[in-house]
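Data first, discussion second: the structure below is written as structure tokens.
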Amino acid sequence: MYELGVVYRNIQRTDAATADGLAALGSATVHEAMGRVGLLKPYMRPIYPGAQVSGTAVTVLLHPGDNWMMHVVAEQIKPGDIVVAAITAECTDGYFGDLLATSFQARGARALIIDAGVRDVKTLKEMNFPVWSKAISSKGTIKATIGSVNIPVVCAGMLVTPGDVIVADDDGVVCVPRAIAAKTLEAAQKRESFEGEKRDKLASGVLGLDMYKMREPLAAAGLKYID
Amino acid sequence: MYELGVVYRNIQRTDAATADGLAALGSATVHEAMGRVGLLKPYMRPIYPGAQVSGTAVTVLLHPGDNWMMHVVAEQIKPGDIVVAAITAECTDGYFGDLLATSFQARGARALIIDAGVRDVKTLKEMNFPVWSKAISSKGTIKATIGSVNIPVVCAGMLVTPGDVIVADDDGVVCVPRAIAAKTLEAAQKRESFEGEKRDKLASGVLGLDMYKMREPLAAAGLKYID
Amino acid sequence: MYELGVVYRNIQRTDAATADGLAALGSATVHEAMGRVGLLKPYMRPIYPGAQVSGTAVTVLLHPGDNWMMHVVAEQIKPGDIVVAAITAECTDGYFGDLLATSFQARGARALIIDAGVRDVKTLKEMNFPVWSKAISSKGTIKATIGSVNIPVVCAGMLVTPGDVIVADDDGVVCVPRAIAAKTLEAAQKRESFEGEKRDKLASGVLGLDMYKMREPLAAAGLKYID
Amino acid sequence: MYELGVVYRNIQRTDAATADGLAALGSATVHEAMGRVGLLKPYMRPIYPGAQVSGTAVTVLLHPGDNWMMHVVAEQIKPGDIVVAAITAECTDGYFGDLLATSFQARGARALIIDAGVRDVKTLKEMNFPVWSKAISSKGTIKATIGSVNIPVVCAGMLVTPGDVIVADDDGVVCVPRAIAAKTLEAAQKRESFEGEKRDKLASGVLGLDMYKMREPLAAAGLKYID
Amino acid sequence: MYELGVVYRNIQRTDAATADGLAALGSATVHEAMGRVGLLKPYMRPIYPGAQVSGTAVTVLLHPGDNWMMHVVAEQIKPGDIVVAAITAECTDGYFGDLLATSFQARGARALIIDAGVRDVKTLKEMNFPVWSKAISSKGTIKATIGSVNIPVVCAGMLVTPGDVIVADDDGVVCVPRAIAAKTLEAAQKRESFEGEKRDKLASGVLGLDMYKMREPLAAAGLKYID
Amino acid sequence: MYELGVVYRNIQRTDAATADGLAALGSATVHEAMGRVGLLKPYMRPIYPGAQVSGTAVTVLLHPGDNWMMHVVAEQIKPGDIVVAAITAECTDGYFGDLLATSFQARGARALIIDAGVRDVKTLKEMNFPVWSKAISSKGTIKATIGSVNIPVVCAGMLVTPGDVIVADDDGVVCVPRAIAAKTLEAAQKRESFEGEKRDKLASGVLGLDMYKMREPLAAAGLKYID
């Protein structure tokens, strides 16, 4: 349940070094480092390929077909933030276009994550302002009902608390709670550090079966080879 | 993000009188009384029509295709509880059938709300154990990975905290946070108290246009009648 | 594209004898009699099984999450009408419940066809007021934006003009344009008149292959039997 | 890939005692007895609740919007068969209604499993002829293109070979290959034989945690209880 | 309901200057200028990004899996037209490929809008022939049943009358009725003319809250700031 | 139904010349040459546009959320193979990323076809390793349950037998059974050989109506032109 009609101005953001450091690791490695949790649903897709970002979450709760609070959240953005927008019911309307993107970008936002639709996607790409959304739609919205800013929200099935870190790339979007962000960065970097060596081995023709020593457990699980 | 591998044994349940009193009002009236929030997504459907319940939430977080924690949550059920089951990814498997229902019912559970599938639905109906689910599926599950019990979970798009009140009927499922449950009961009862009179008026042929005094605001909004 | 903000008070309804006569034939036979056209999409489902109705369409265009015009259309209902509600964008909210149903029924409406959600479905069933809808949802709506009444609308993919005949049953919903309603009734009755004899033959074990003389055309199409 | 334009008249059916015996066990128990495989996708739903059947599969491959082969498969039905209908592309049209059901029933068919739509569902229920389908739709079909009868088909994601056993109930549909049908019946009966005792224990308040001796493996997996 | 088996050769097209002028404004601005109506459903997506077109609609009604009428509509295309294809039931087959595109392009068509699937999408991109469709599919179609050309059709939920203007870009597809096309062009250009100034202000850091004078109405609506 | 826990090491692959020759023809032409069958469902989409491949199928059956068998199938890959991965239930998890792709590529695989999700899609594109999948998802998988390798599987609705030829491009994926691969190559090449001439005619303005001599059959079917 949501608290409606409030804007929290002071939120505790994850420290910038940690938040910034997670981008390079990518959503897949980061969610693995957390124990395979934290992902938003895979229907959240980038509006153009290639963007890979991380940043601190500022959240906004919107009503279906109403983007009034988008202007309210703009004022709360600080450089390095990523706006996370949740809607109180299913909606695919285009809540966000080039004008709002101009404003968000001027405030220092790095991206928008929205469980609804966006528009002006060609211009957003030219502006280099990435968005992960459920839909692309020309459908405009009204400005009639207030929601909230910087309350915990459920976006695409995942709870996002203001100040958490968002990591987003072509594979999807993951939310890293502030309390475990530093630990997650460390764990993800450790995972990443082993990848190069593994890749070289696999590229040389070594099989995962041998590299990960899987033959014995597979046989124990009953796997049979038939010629 | 979820805390994995923990079972909270002591949760603060909404008091029984409040929790029990909400059933009679139904999910639609209760969510209106909260300001039109708190509903789980409408894909959550009862496995048979006619059940109308309320109770205090005990929560369980499960992994896709794995119902091990269902047995763990069973022990935490107290009479008057409703189990709310969330899954870490989309899944339609049949996590719950007549044996678990027998156990849940023996512990005093009134219903199950699960963002996945159930099975043995014919027997569940005969047992009078209602379930609201995303799917019905014969597909069985394994018992291999641990989740958590009585942590806050996102179920069908809604955050549910242990001890909140769940109200479910043929129209859907709503979660009432413990902190506002008493106030919501009062507001919902007030709404309900006006309904009989309104219904009588409408049944006698009085129009909502007149009963709610809508003609003037409609004209102000620009509505035109054409003969 | 829709004309917004207008209510047409005078529409030309299909004559009552024709409109009423189509109910008994059912949606499948009627759509066949029109040349296999006129059906709304099959996601439109009855909220309870067993209802079979026909009547003249009065139409209403609504905005997502806003049921204000439902009260406006109520005044335009005449006995024998079926209300057809279209929405300007996808929405599953519960636009209609027991109070509006009481009003519609008092005005003589036989049913509601709505490309969105309804609620209070248990009460609607008790009232014997059938609804065909896209969803069932507790989610309430607001009353803020005007639409139109008795303009042609697209409901679940089908164009419905006020005064057309709607036929709805457990199989689905079909719209019969006023201009061809009488001819369609006649054609549908003719189709129906042959069904009893066919059923008797098939029940006695005669094959459709022989009754419809299909063996020759199937062989001509290249069908081969292999022992 | 499918062989088109052929009707295999002689298929090897699973023996009747085995095929008939599986009905009582239900789709969930049977699929568990096979190692949790064999289920059709859960979008396959019964058109009315309560039916529980098993029988030998006769298969038919149809083209989208074309039910010509339904008349061809009717001739191949023997008492105790269940017709399994696959379509070469996604389709929700109503391929099957009361006339075909009359013919199928006269030939001894027990049910239809179809990866598309059916109609006349009210009459089918009155006839006590159960159908599991992807959709209900009034939409009629044509008779223009030939498919095949009694070839292996993929229905709702599962390969069904003529003569296999189909088990269907409110939980879903499972296909048991002929070669393992007898063994599966035995294994399913064995599973079933333990259920009564388990149910009694659980009903008396014994927890699955204890009955299945899960406490130790859960602790070993790292589960922690917090007071 | 549709009139079947007819080809209207003479339709009243929106004048070319108006139809051509709308392309530059884009689907979002144009639908706003009409009062936020006229959009096809957002599942209609371009087969490649970057195309932005407008033109006069010629319409074709097709049956599922049958593209015969595509050849009939080709003859009715005049330079500057956009073909709008509707299907009498849901279908994702590939109705249109490089050969038909060659023919359409030779006749002067600028694009295809189809509520079904297309194929040869790599070649269509090389040909610079844009398509907005529901699906991409290799699945071929037959040529067996006649539909109609240049009747009003419902395409992706929107009524399109021959001669209307279609505007399509990466954000979606909008239909502008001929009767209001000139007025819509004017209104859209006016909207557009203010955008540059707004963008500059927002880019300089001015907030929408101030630029649109929203602070007072937000406070009036009850919005509270919490430090 | 699937045989679980087995790896067939010796499969009969379609000869390389035939398998390789089909790539250039594309999925649409190949499926037409087979009689419009053999296509996987159109929800299977390439992770990046432009790839066009063919090769011999090696198959793997996986459990939901478990990619253990991906390492087992890697060992069975021979140069020119395409891996076809089926899952025993619906799943969108990211079963495959850059490490497995490195291994598959080192073994000579040309592509992956998977009825689930993949990740590391930016890297896969850089590696020029194409994948056709149901989803893109960061969600990782576990390695706990064995499936099978090189058994016949149902992937996206189509039966694929090891050694069959897979043809995949931007339009979709088709499976050509080994037994008819040579014949299909020949038929597809023949179809293709006529395309150039047809394209030239259509480009010059000749109508399909005339080129395919459709005017007479259309008139016979009842098509009427109205001026």
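Letters are used for the chains, namely A, B, C, D, E and F, taken in the order the chains are written, and counting of residues starts over at 1 for each.
By definition in this document, a residue touches a chain if its C-beta (ideal position, glycine included) is under 8 Å from a C-beta of that chain, and two chains touch if they have at least 3 such contacts.
Computed from a predicted model, the values in this text were never measured in an experiment.
Colleague: Could you classify the subunit A-subunit E contact as same or different, where same means more than half of all interface residue numbers appear on both copies?
Modeller: different
Colleague: Report the inter-centroid distance (CA atoms only) between subunit C and subunit F in whole Å.
Modeller: 41
Colleague: What whole-Å value do you get for the distance between subunit C and subunit E if each is reduced to the mean of its CA atoms?
Modeller: Once rounded, the distance between the two centres reads 28 Å.
Colleague: Using CA atom averages as chain centres, what separation in Å is found between subunit E and subunit F?
Modeller: Between these chains, centre-to-centre, one finds 31 Å.
Colleague: Scan subunit D for residues touching two or more other chains and write them down.
Modeller: Residues 36, 39, 89-90, 92, 139, 145 of subunit D each touch two or more of the other chains.
Colleague: Counting only chain pairs that touch, give me the topology of the graph as line, ring, star, complete or other.
Modeller: other
Colleague: Can you name every pair of chains that touch?
Modeller: Listed by label, chains in contact pair as A-B, A-C, A-E, A-F, B-C, B-D, B-F, C-D, C-E, D-E, D-F, E-F.
Colleague: For the complex, give me every residue of subunit B touching subunit C.
Modeller: Contact set of subunit B toward subunit C: 26-28, 31-32, 36, 39, 42, 45, 49-50, 52, 169-174, 195, 198-199, 202-205, 207-209, 212, 214, 218, 221-227.
Colleague: With touch defined as at the start, can you tell me which subunit E residues reach subunit D in the complex?
Modeller: Of all residues in subunit E, those touching subunit D are 63-65, 89-93, 139, 142, 144-145.
Colleague: Quick check: in the complex, which residue numbers of subunit C touch subunit E?
Modeller: 1-2, 4, 34-39, 41, 88-90, 152, 154, 157-159, 164, 175-177, 180
Colleague: Under the definition above, what is the set of subunit F residues touching subunit A in their complex?
Modeller: It is residues 5-10, 48, 68, 70-72, 74-75, 92, 94, 97-100, 102-103, 105-107, 117, 119-122, 135-140, 143, 145-146 of subunit F that touch subunit A.
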